[in-house]
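Here's the structure, in structure tokens; my notes come after.
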Amino acid sequence: MENVMTAIRVVPLDHYLILSFLLFSIGMVGALVRRNIIIVIMCLELMLNSVNLLLVAFSAYHSDPGGQIMVFFIMLVAAAEVTVGLAILVLLKRNTDSVDMNQLNRLKW
Amino acid sequence: MLYLFYFFAAISVIAALVVVSAKSPINSVIALVVCFLSIAAHYILLNAQFLAMVHVIVYTGAIMVLMLFVIMLLNMNTVVEVRKPVVTRILAVVTGGLFFLVLLAATRSGLSTPVPADFDPGIGLVKRIGMSLFQEFLVPFELSSVLFLSAMAGAMMLAKKDGTANVNLPPSSEPNDSRA
Amino acid sequence: MSALILISVLGVLVLYLGLFDKKSWLAPVSILGLLGAMALFISGYHIDHELLGGMVEFSAFSIGFNIGMAIITALIFFFGSDYYARQEHHVAEQYALMLFSLVGGFILTSYTSMLMLFIGIEILSIPLYILAGGKKQSLRSNEASFKYFLLGSFSTAFLLMGITLLYGLTGSFHLEALAAHMASTGTGDMVQNFGLFFVVTGLAFKVGAVPFHFWVPDVYQGAPTLVTIFMSTVVKMAGFAAFFRFIDITGMPDALARIMVLLTLATLLVGNVIALKQTHFKRLMAYSSVAHSGFLLLALLTDHGHAAGHGDAIGHTLHYYTFTYSLATTGLFILFTIAKRANNGAEHNNIFQGLFAAKPWLALCALAMFLSLAGIPLTAGFIAKYQVFLLAIGAGWLKVTLLGVLMALLGIYYYIMVVREVFVTPEEPVRFEVSPLNWVVVSVCAVGVLVLGVWPGLV
Amino acid sequence: MVKTDLLALLVPALPLLGAIIIGFGRRRLKGNTAGMLGTAMVALGFVASLLLFLGHDGETHIVHLFSWIHVGAMDIPFAFQIDALSLWMMLIVTGIGTLIHLYSIGYMHDDPRVATFFAQLNLFSFSMLLLVMGANFLVTFIGWEGVGLCSYLLIGFWYTTPEFNYAGRKAFVMNRIGDIGMVLAMALMFYQFGTLTYVDVMKQGGMMATGNPLIVTATLLLFLGATGKSAQLPLLTWLPDAMAGPTPVSALIHAATMVTAGIFLVVRSSVLFQLAPYTQDIILWVGVATALFGATVGLFQNDIKKVLAYSTVSQLGYMFAALGVGAYSAGMFHVTTHAFFKALLFLGAGSVIHALGGEQDIRKMGGLKGVTKTTYMTFLIATLAIAGIPPLSGFFSKDGILASTFAESPLAYGVLVFAAMLTAFYMFRLLFLTFFGTYRGKAHPHESPKVMTVPLMVLAVLSAIGGALNIPHIFGGHDWLKEFLGTAADGIGMEHLELSANTEWMLMALSTTLVVLTIWYTWTLFGKKTTLDGDTADMPFLKRLIAKRWMLDELYASLFEKPYGWISKHFFSIGETKVAVPLTVGTGKAALGLGEWLRKVQTGNTSFYLFGMMAGVVILLIITYFGG
Amino acid sequence: MELLALILIPLLAGAVLLFARPEKAARGIALVSTLLSLALVLWLWYTWTGTAVTGISHDWVPAWGMRFVLGYGGIGLLMLILTGVLFPFIIGTGYKQPVGDPSLVNAMLLFTQAALFGVFLAQNAFLFYIFFELSLVPIFFLLMFWGGEHKRAITVRFFLYTLLGGLALLFSIAYVTLQTPAPHSADFAALAALHLPMSTQVWLFWTMFLAFAIKMPIFPFHSWQPETYTMAPTQGTMVLSAVMGKMGLYGIIVFLFAIVPEGAQHWSSVVIGLSLFGALYAGVIAFRQNDLKRMIAYSSMSHLGLMCAALFTWNTYGISGTLYQMLAHGVLMICLFYIVGAVSQRTGSTDFSSMGGLKTRMPRFALLFMFVTANAIALPLTQSFVGEWLIYNGLWQWDNWTAFAGVVLIVLGAIYMLYAYQRVMLGPDREIAVTDADDEEHFFLVPLIAITLVLGVFPNVILHLVDGPVQQLLNSFTSLP
């Protein structure tokens, strides 16, 4: 317990910020470079998790449980979103036999 | 202690990069699991044991399994993804890079929350979280049930095969704005 | 709060009704429930805000918006009994999802914590992702659903990033804490600006502001018309209510104002200009929705310079604007469905041809509603726009207002192009079949728009 | 006074009544009724004028009818001014008018639209009377424009011929160009004096210093108006074209009355002109130039009416020259005598044309003196009168002008005398070619009916003895007309004639001798002529130029008419269809094009949307970062 | 109450026509309605005492200064007379020259009339604006349904162009309303009491002027006008040219002169320059037009340019002349467009090439046309002359050379009008079977010509009406700081 507590004293908050931003950016780039829908959804999860990490860090630094509860809710929502997203994916796959985002361009202009 | 942070941070970042760049979706999923586990480790470092547990259960246990399940179900592990053009990828990286740089630059000057002297190590414990959740955050907690209900109902509605679902409908058979 | 519970339970009830195949009961039960909710809103004006952990606050502002959304939803349900008449599967789910989504809307009008903002947006959105794909066999519907889901999820990520940054500053999700923090720091540091910016991004996505508008036309076009109505009305009202609550509490520091101006300008320009060349009615309405978001953003913009939490006039304007816009949009989409059926499913603007010859009253209703959207006097749309201009001029945004005025002119153009079609008599007469219920709903919308235009004090 | 008011009202009212009755009842008036009625109305007007004239006591009467335009400080009454000048003009207008109406009964006998003709003629009389009777500039302007309209209508009376319509429009438009000056002059005078009533304007104007720029401007503008109406250089080309109308119209409007309106106006405002020596010089030289121009062009014209038209131009030039030297009474005297003999000439020409069944080319006439005796005799008298042979009226009036001019400017005198010789030349050429020699045409000439010849004879008498009105002192007369008019227009009193009797005698002798010599020379050229070559190609340059009227019409056509048409066309085809409309339509098109272009941004590709969204976030983020 | 009736009579009659669709009786009902309005207007005139009247004053949305205030002064009364007198004729045109379903056409016309009465009665800027824009809607349908070639595109263009001005006006109204002391008021009285700083007036002038300049239209804003006039059905053109164009001039007096007097003075040279240039430009262009209707459209633009120029001369004669000329021009336009309609009905086209030589077969009609032409070229003893004479005086008092440019118009007017008359009526008989003016046409044109002549001889009847208000207006200018 003691060594864990020192993490907060040793690791500056900035480090968490940077790590979180880095993960967020990687998720963003991933969403932009990939065409496979499921990987894009994974990138989304990555971004959400980076936010979670930051929240927990803030929470710890503020000594406020609110941030952790927010993380809890984000997890709930992420789960719900993934459920819906995968349901849509299944529907799409069934109807178009493809998980390529670029195949979906009937609606335009 | 700091090195522990750097260690897990490095794992998270490398795993995230693998997620983004792996050719096979299966590899991506596995990398993501690794990434999530490293993040769980960060949670423990930050004294959020309850969250770390929930995180592992929800993400690694539920979400990622669901994804793997879908990948298997839809036979995607064999699908070879067509890569996007180089220009697009460069632009994407530039966008992401700029995003990161701006945020980084902003935080150089920014957040300077000092380490609180009266740091409370107990905030991450189940008891404290529970108290908070069922008192202060009761309303959102209750409402999240609506969220789940709708997600559940919706997912079932979408993914369920109706008797007459027509598969692979050619675009031309749809009503079109032919009078344009 | 009791209304919130009522609607949630109503959703469950509707799901059960679906389970027992009572399709014809769905709309009446839902509407009754909505009426009940409205009654509860009106009567339960005072609710102990502390009891709810300070998460939501039902003020006059939020109750006004909630009742507005409930009315529009009820109108949509009236239309729904006809719209879903030919559909066999999952009708109950769609009603239930819409009710759930409405719950999200209620939360958005009354949140006091950013956590509730997040939950509200998700409760509002997730049912909509599904509803957009409601026509499961239609590839367009699937595509709309997917696009909405994907883009929406990413915008949520940005919103969360914003909330997190602001949390990092204040150590609390409460808006009051944020306001207090902002009051104490003055101009604020960069993290604060970024936090505000990301939250605004998430909200701007919901209301379809440029450059976060890409989903709007595609989703409006692909989604089932009924869902499109819901998206363009209730979601817009909820989105702007949420937007306003957030902006109002921040008092809009300069950094935020700068971003808001850019969003407003871009939204006004892009929405109106692209709409000029739209011949597909639903896409036209989508761009018109973007364009109206531009005007609403212009109203929001005027919160700049007020002390935090003193934008009552702006809140009222937003309420009036979104509600009357929703009325007109609802009526027009119903007419669109009628015309679409008369033209074998075509969705081009010219399906309205012959409406005047066949159904003069409906054509006049269409005229009233189009003119309202265009902002011609004696319709509510005009009063709404005028209010926005008054606010904007009063706040000193003269040049932005001038652009808005110019864009209002473009708006008139594309609405007039459709109005023109309504009054064209085609060579072969078109048969428009209108159910009495639809007739009533359209008339209510049109008359409502006119009455509110003449007596704006009613809202 | 009441009697004066009533009579003064009757004078213009009668012709107006005639015009209304004939105009609206033109379908029901059969045969000569319209002509009779029209003539009667003008004749009654003449009687009324005569009564007024006889009852005139030398005072100026203002007959105030009602307030016409009253706004702010402007109160312009509808009023008539009865004084010597207006009375004299009324007599001329109604008197000559009656004769010409009478003549027209015969002349227009066969025309199906004879009633319309008389209605318009009566309307003209009404307008002309308003012009001369008006008590202020604006009432005069009513008549001024009214005669313009009637002139337009009557020139284009035979409306099926496009050239005639063109001539009518030309007349009206040229008059209107003059009217610019008239309107501006009135605006100026109102601004300056706060009134437009002649009496008040003259009273206030008379108190101003000589050469006051205001007065000069006003008089110049008024003169511009006069130039248009009286066909002076440069606004004269309409008058010869105006001969397209029926001949009585030419006689009444384009010779005897309307064209003298300019002279009337100048005389009316003589007080002002007296104070503007600069304007007077301009008037003198414009008059002289016009006199010379008309006389030269008259030399080689072959259309009988055109010759007379240019002669009119030339004579009007004389009158203006007189006004330019301040000899207002001389000018008015010439107006009077000119009205007699020019009306006579035109009517005579009309009689000839009538006799030849519409032929107007003098090359196809000749030897008519045997057939149309009355016409010939009267025409001869008129020709002698216009040439200035004593003791016919023209001699006195023209001599008055020459003498006054000599006093002011010998050079102008010289030119005018030369013009007088030319006058004699072209008039006698006309006379000889028409009535002498042998007949060269194909029609069967016959003498006109009595209703036409009687007016000729009356006019012939007047032309012969009209000089008696103003016999100068050296002949033992006492300038009756000058004294009479002097009671009306203050300017006339200011005339000065510093010539000794000897000089006057000498001048008279000189001009008369020259004219007689010219007549003799003309006789040798044309007296016995049986054939005439009309080809102008082999003439010498100057002669050809003159025969082509100094190319003035062509000059105007290429200088104004064509460019105007070109401008009109291209203002439209470039200014409107290429700039104004495309600019607005183009703005709309540009917006639509932008819409079409922006629309393409919506590619339907989700990745692209994501990219757009995130790029938007990044850009706005950067703006936030650097902006704050 | 009678003021409200003035708006309600045509509105109700129009509604009856729109919903009951009495095909046969439609014109009769419309005519009766307009005659009733006319009677009411004449009664107002008869009881006019020379002081401004406020009929109805009712709060609407007090928060934004919106009040329902109806009233009129001398100038407003003149405009009411104009509208009241001309509309029976516009309705009457339909008897001889029907354009479409009589109930609908007349309903639209009556709605327009109601809106126009509203415009001229409104004493609140916001109310004014509402009527100002509302008047466009029925016109829009009139043109849309029953216009000529390219009606759809041209109508939309017209509509948008006019609305552009309208929206600029709306912007200005919002702006000035907010400048009034709280609680804000958009009443003309309150707005006129404002003393806006010069720097504001300088730009506010243009945002307001734009609306009126487009409505009239004044030179660079005119491009909608010729094609719209040419395309519109006769009755539509009459409404547009005879009455709606005057809304612009009226608006200038009510808005610009009252609210931004210094701005108006500051820009008067520019406006006069533009207007006069436009007047000359249109006058020149009219000459070579090949379409009678288009030619008249340009002539109308020419006249309106002159009027607008005179309005900005800031003196009694310019303003009274313009006011008088508004009436004259209204009557003139009705006559001219009626004649165009009548002629083109016979020859099948408004193009000059299909006309010419008609006088032989329709002498009575030619006479009527001649009277109208005389009015068009402002011969004395016609209405137009009085107006133009005052206008030229106004211009002269403002600046001599400006007056000169203005007076050139009398030449240009004569050139194109007489040329047009010649091309329609004169020349050799074309041997087309046309009939002469019948009783109905006489019944229509003769009263108008009578008005022209009577008001040409006794203009004081109208001039007395505006004399006082104009003096007041001018006094308020001179009392400016």
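For clarity, chains are labelled A, B, C, D and E in written order, and residue numbers in each chain start from 1.
Criterion: a residue touches a chain if its C-beta (ideal position, glycine included) is under 8 Å from a C-beta of that chain, and two chains touch if they have at least 3 such contacts.
Predicted model only: the values in this text are computed from it and were never measured.
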item: Joint neighbours of chain D and chain C, given as chain labels; value: A, B, E
item: Other chains in touch with both chain D and chain E; value: C
item: Farthest-lying chain, centroid of Cα atoms versus that of chain A; value: D
item: Chain pair whose interface holds the most contacting C-beta pairs; value: A-B
item: Nearest-to-centre chain - CA centroid comparison; value: E
item: Geometric centre distance via CA averages, chain B-chain A, whole Å; value: 3
item: Inter-centroid spacing, chain C versus chain A (mean Cα positions, whole Å); value: 28
item: Centroid spacing, where centroids are CA-atom means, of chain B and chain E in whole angstrom; value: 68
item: Multi-chain contact sites of chain B, meaning residues that touch two or more partners; value: 84, 88, 91-92, 95-96, 99, 103, 106-107, 111, 113, 136-137, 140, 144, 147, 151, 154-156, 158, 165, 169, 171
item: Touching two or more other chains - residues of chain C; value: 115, 119, 122, 126, 129-130, 133, 136-137, 139-140, 145-147, 150, 154, 168, 190, 193-194, 217-218, 413
item: Touching two or more other chains - residue numbers and ranges from chain E; value: 160
item: Touching pairs - complete list by chain label; value: A-B, A-C, A-D, B-C, B-D, C-D, C-E, D-E
item: Touching residues on chain A, where the partner in the complex is chain C; value: 24, 27, 31, 37, 40-41, 44, 47-48, 51, 54-55, 58, 62, 64, 66-67, 69-70, 73-74, 77, 80-81, 84-85, 87-89, 91-92, 95-96, 101, 104-109
item: Residues of chain C touching chain E in the complex; value: 371, 376-378, 382-383, 386-387, 389-390, 393-394, 398, 401-402, 405-406, 408-409, 412-413, 416-417, 420, 423, 456-457
item: Footprint of chain B on chain D - complex, ascending; value: 607, 611, 614-615, 617-618, 621-622, 625
item: Residues of chain B defined as touching chain D within the complex; value: 84, 88, 91-92, 95-96, 98-99, 102-103, 105-106
item: Residues of chain B defined as touching chain C within the complex; value: 103, 106-107, 109-111, 113, 135-140, 143-144, 146-147, 149-151, 153-158, 162, 165-166, 169, 171, 174-180
